[in-house]
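For reference, chains read A, B, C and D in written order, and residue numbers begin at 1 within each chain.
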Amino acid sequence: MSSRISRDALAARIAADIPEGSYVNLGIGAPTLVANYLPDDLEIILHTENGLLGMGSAPESGSIDPDLINAGKQPVTALAGAAYFHHADSFAMMRGGHLDVCVLGAFQVSQSGDLANWSTGAPGAIPAVGGAMDLAIGAKEVFVMTDLLTKAGESKLVAACTYPLTGVGCVTRVYTDHAVFDVVDGRFVVREAFGDNTVASLAELTGLELASMADAAASVEGT
Amino acid sequence: MIDKTVTDAAAAVSGIQDGATVMIGGFGRAGQPVELIDALIEQGASDLTIVNNNAGNGDTGLAALLAKGRVRRVVCSFPRQHDSWVFDRLYRAGEIELELVPQGNLAERIRAAGAGIGAFFSPTGVGTELAEGKELREIDGRMFVLEHPIKADYALISALRADRWGNLVYRETARNFGPIMATAATTTIVQVDELVPLGWIDPETVVTPGIFVDRVVAVGERSWLRDGTFVGGVDIEGRPAHPVEAPAEVDQ
Amino acid sequence: MIDKTVTDAAAAVSGIQDGATVMIGGFGRAGQPVELIDALIEQGASDLTIVNNNAGNGDTGLAALLAKGRVRRVVCSFPRQHDSWVFDRLYRAGEIELELVPQGNLAERIRAAGAGIGAFFSPTGVGTELAEGKELREIDGRMFVLEHPIKADYALISALRADRWGNLVYRETARNFGPIMATAATTTIVQVDELVPLGWIDPETVVTPGIFVDRVVAVGERSWLRDGTFVGGVDIEGRPAHPVEAPAEVDQ
Amino acid sequence: MSSRISRDALAARIAADIPEGSYVNLGIGAPTLVANYLPDDLEIILHTENGLLGMGSAPESGSIDPDLINAGKQPVTALAGAAYFHHADSFAMMRGGHLDVCVLGAFQVSQSGDLANWSTGAPGAIPAVGGAMDLAIGAKEVFVMTDLLTKAGESKLVAACTYPLTGVGCVTRVYTDHAVFDVVDGRFVVREAFGDNTVASLAELTGLELASMADAAASVEGT
């Protein structure tokens, strides 16, 4: 068995965890892939920060509407039942805690749920934050979608973030190409290990003490 | 009779002084008031502070204003994009200042200016370097950061339709920052596709009431609309999706 | 399929617990969700905190809820009206608590709750007894008073029309507090004149997006409308303006 | 000549000072009379705090619409060019300083422009403030419309308010049945005295040192 799943498989895995009726923001970049795997027969309502609830898929070629875009500035469509609103209302929706789920990318996630995804802090880089900080603190569930390791082989799950933070203690679950982790009481709990990954092998890859679901359950019972 | 319409974009942007703070609507290209920005370039005001979500795309609109060296400072949430080469060059050369603001704080600070709020405790940015030096407070067990209003001398925005009182409706996600910027500027200048007679906009559907609008100029229908109906035929930048080849010149 | 509609007003208000904070929309009678209030009276929850602009008119609606002794505390801006005799009696008898809030602070505090704002510096009330004990701050040469959000367990509001996702449009000044209360409650319950199929409400004209709505019940068209058109024939309280005399009974 | 003008004459006097194009809130009670004297051929846009700009006159009998009322909960109409909005937007409009003029009643106005108009502070009275405090601080010009004297003959213009305040230093002009006063630099300037009133007679009625327009002009020149 392989130790990694593809980005599309990961998007499908995330989509499967989103219940019907959820209000969801998929940020920009890789997380927007999740939309491709939401079942057609379930009503899940997508929010885009630039002022639309009920966002649909990309338009047919020839039907691109420059007035109708998503947060990544790509052309989209609007479903029956959609609503437009201005930017303050759109962010009030996020910041007021009305979204059920958002899915974000990450440079690093700490075991206390801190997220770093907007800046590597590299000297001379042009900073840009967009709506990342608002999404990180606003949604009821903040899911991160990311590879477990950087191209250099370093773990993106860390004891404490070294990159500039996006939000503090905000991440509830991390979907990686190796496994799914819940953030519980200052540690990562391995919710699901893909392929031949194990709690032990993941602990070695991340250099962190990880809990199994059994550990987490025991911990709850023990309280 | 109240008539906020002006004849052309040049008249619309008249009087904008050097050193002014100018809000410019739009999210990327959607809702960007291109004709007003072009008129502002022509008008010549410089040393401007620009408030926008981005810092220009490509070589037109806001990017062109930046390229002319008219902008001293940009307040925005997301300057770096694949096509933000004008801003990138100026920034790296140290020729432009940047105040980076999380997008929700940007929107709420603009709204606060329009709504007379002195300052507000925001949930966004707590514990990050964008909150450094700002007042923090725990309220009901959660930390917040104090944010202040952003107001402007002028707002340049784009809407779909207006009447002579300045009531506005927008189109789709081109609405974005327009309604809040209109409330936060001393003078709000709007370009619209079309002017309609007073009473043609259903009062239930007005998004920006005319009280927030000072000058309106009609710039004609966007190329992807025909008589208010979407007809497409453009790419995301509004250029013809399948450009028609110019007919070969025929020697006479 | 998302379907927020419920069959009747009793189902709409089910689960409201004793001691709950309940926002009730309306400004005077306009926009007051009378059928939901009647159902709440029937449902029986007591020891309630009610947030409303007023404190009941006449003997129906909110006034009837007060008259039943179900309300411990009222948060409002304008309890005293020519027809607020129910509240007046309870207040003078010391049987109800009142938190008096300037109307703009009331509206902004409700909005703040829905928008995730921790607190805000308001221009209203500075130097008055309604700001006593509250934090003051000078910002840009002007004094402000710190105000905190008002949130609720439930909001009961009235709108004109909804679809099954809970998108709402309102009618005229009956809109008033509905859109902001919908954002500030854990559970928002709406009565509407009519339900329409998904897609029948133009997305440009939605005032309350369905994300803020939990339950919707259709209560039928108001007596001054016929198929959505205003036909009048009522007084300001909605009673027939010229009541038709009942025909004399004829002995058979 | 009489020393007082009627309430209707006073409403007409106020109406004459409101330029075309103004956005105006007439509060509740007596100030709403001003609407009757706004010239039909001038466009002056009335705001009512319960969510309407472009308020028209009372409806014809038989056309009362319970959904369309003013702040005093009386039936009104909406003009072509009107707009509806919710309460937070309506008060943001006031509080953000977008109204040009509001006209309010008063129990007392102090020479520094403090307004008391919401409570007599009488023990046992049921307090009610409504939108008065927002209007008092929000409009660019805050006009007060009132009798100069109470029924007991006491001046409503005072050195310092004894009733609970509505707003501090907010009133710009007071229209009374005896005269019109501007509030300038901590004193009342008699802008216009009706009938046989004079600055001296008004000073006696109010027990205040009053300035004439000439005094005020000299004071400006002297600075």
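Keep this in mind: a contact is a pair of C-beta atoms (placed from the backbone, for glycine too) under 8 Å apart; a residue touches a chain by one contact, two chains touch by 3 or more.
As the structure is a computational prediction, the values presented were derived from the model and not from experiment.
Asks: Check every other chain and keep only those touching both chain A and chain C; list them.
Replies: Chains in contact with chain A as well as chain C: B.
Asks: Between A-B and B-D, which chain pair is linked by the larger number of C-beta contacts?
Replies: When the contacts at A-B and B-D are counted, A-B has more.
Asks: CA centre of chain A versus CA centre of chain B: separation in Å?
Replies: Roughly 29 Å separates the two chain centres.
Asks: What is the distance, in whole Å, between the centres of chain B and chain C, each centre taken as the mean of its C-alpha atoms?
Replies: About 35 Å separates the centre of chain B from that of chain C.
Asks: On a C-alpha centroid basis, what's the spacing between chain A and chain D, in Å?
Replies: Those two chain centres are 55 Å apart.
Asks: In chain B, what residues contact two or more other chains?
Replies: 108, 111, 115-117, 122-123, 170-172, 204
Asks: Using the touch rule from the top of the page, what residues of chain D touch 2 or more other chains?
Replies: 52, 78, 84-85, 88, 91-92, 94-95, 138
Asks: Which residues, counting only chain B, touch chain C once they are in their complex?
Replies: 108, 112, 115-123, 137, 139-140, 142, 144, 148, 169-172, 202, 204-205
Asks: List the residues on chain A that touch chain B in their complex, please.
Replies: Residue positions touching the partner: 48-52, 61-69, 73-75, 78, 84-88, 90-92, 94-95, 114, 124, 126-134, 137-138, 164-168.
Asks: Show which residues of chain C lie in contact with chain D when the two form their complex.
Replies: That would be residues 27-31, 53, 77-81, 87-88, 91-92, 98, 100-108, 110-111, 122-130, 143, 170-180, 207, 222, 224, 230, 232-238, 241 of chain C.
Asks: In their shared complex, at which residues does chain C touch chain A?
Replies: Those in contact with chain A are residues 1-2, 111, 113-117, 163, 165, 167, 183, 198-199, 201, 203-204, 206, 209-212.
Asks: Give the list of chain A residues in touch with chain C in this complex.
Replies: Residue list for chain A touching chain C: 20-21, 23, 43, 45, 47, 52-54, 78, 80-85, 91-99, 138.
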